[in-house]
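Chain naming follows the written order as A, B, C and D, and within any one chain the residues start at number 1.
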């Protein structure tokens, strides 16, 4: 069972919260809310996605490259996946 | 008319696209998709929110602090709003 | 007098601290220090440069786009400079 | 031999380039250069440190968590080191 399946409920709760933030952003735009309030809402969505990504990246490292990841060939592929994600994400 | 009202349709299109990405993320989690695919989807949501924030911040600077923003007292308040957003966002 | 000239001593102190961190990084590499210690030192240099940039960006906004920046044409050019910096920096 | 020792010359070249950028920033401040030129120089230092960190983080993952990292207990400690660095760096 992967970490995303094991933690499904907790992760779904966080993703649904982000969806709620995006829907609130959509409403604010539609209802002509003040532009600084809208900017702060976009920053909140970005911050929430950032926090979720850091949390899931840690879990991924622990499961796929940690103490129980005994298959060397498997780790080679997983390290490259993580490296690509980091390069894209931290550039 | 503020920049967010003037560009409402274009901004709503981008926000709805982000909502679609978050809904796809929710489905991927619920359907036990592979964890790297899920991680990449979270990074995509973050990247889209990041791009939207940069675009809106530029528009906000132009409108509220640019050539037609003649009210000095108004600019004082707007500069502080932007400074707070940048501090929170770039920390 | 621009904000960077007015705050020269405080800014020079911060820049010299960053130079010290980079020199410490250079020594750690040359002396074959542990790789995690070296990684943490690179992250420290990045964090210090990040903090300096946020501080200077705020000062720049206040001086060039704030309450005393009465020249609309001047603000037009300054807003575009800041927009380019944000785009490059936040992409 | 660790990756930082193996790649010492290449890494030292990059670190010395960053030191050169910081020294140029120091001179620009001391000589009252334009503030936007100074801001761009700080952003350049940050970008260079960012690029170095991503490169070294990838090498670190490959060496310490990749195909040849057969010691599970060692990987447990290394994964936690990387997780702490990512949390601090991506927060």
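Methods note: contacts are C-beta pairs under 8 Å (C-beta built on N, C-alpha and C of every residue); 3 or more make two chains touch, one makes a residue touch a chain.
These numbers come from a predicted model, not from an experiment.
Student: Spell out the chains that contact subunit B while also contacting subunit D.
Tutor: The common neighbours are A, C.
Student: On a C-alpha centroid basis, what's the spacing between subunit A and subunit D, in Å?
Tutor: 23
Student: Provide the C-alpha centroid distance between subunit A and subunit C, rounded to the nearest whole angstrom.
Tutor: Inter-chain centre distance comes to 28 Å.
Student: Could you put a whole-Å number on the gap between the CA centroids of subunit C and subunit D?
Tutor: 16
Student: Can you list the residues of subunit A that touch 2 or more other chains?
Tutor: 50, 53, 57, 89, 91
Student: Are the chains arranged, by touching, as a line, ring, star, complete graph, or other?
Tutor: Topology of touching chains reads as a ring, each chain with two neighbours.
Student: Could you pull out which subunit D residues touch subunit A in their complex?
Tutor: My answer: residues 50-51, 53-54, 57-58, 61-62, 65-70, 72-73, 75-76, 79, 82-83, 86-87, 89-91.
Student: Mind pulling up the subunit A residues that touch subunit B in the complex?
Tutor: 2-5, 8, 11-12, 15-16, 18-19, 22-23, 25-26, 29-30, 32-36, 38-40, 42-43, 45-47, 49-50, 52-53, 56-57, 60, 63-64, 78, 81, 85, 88-89
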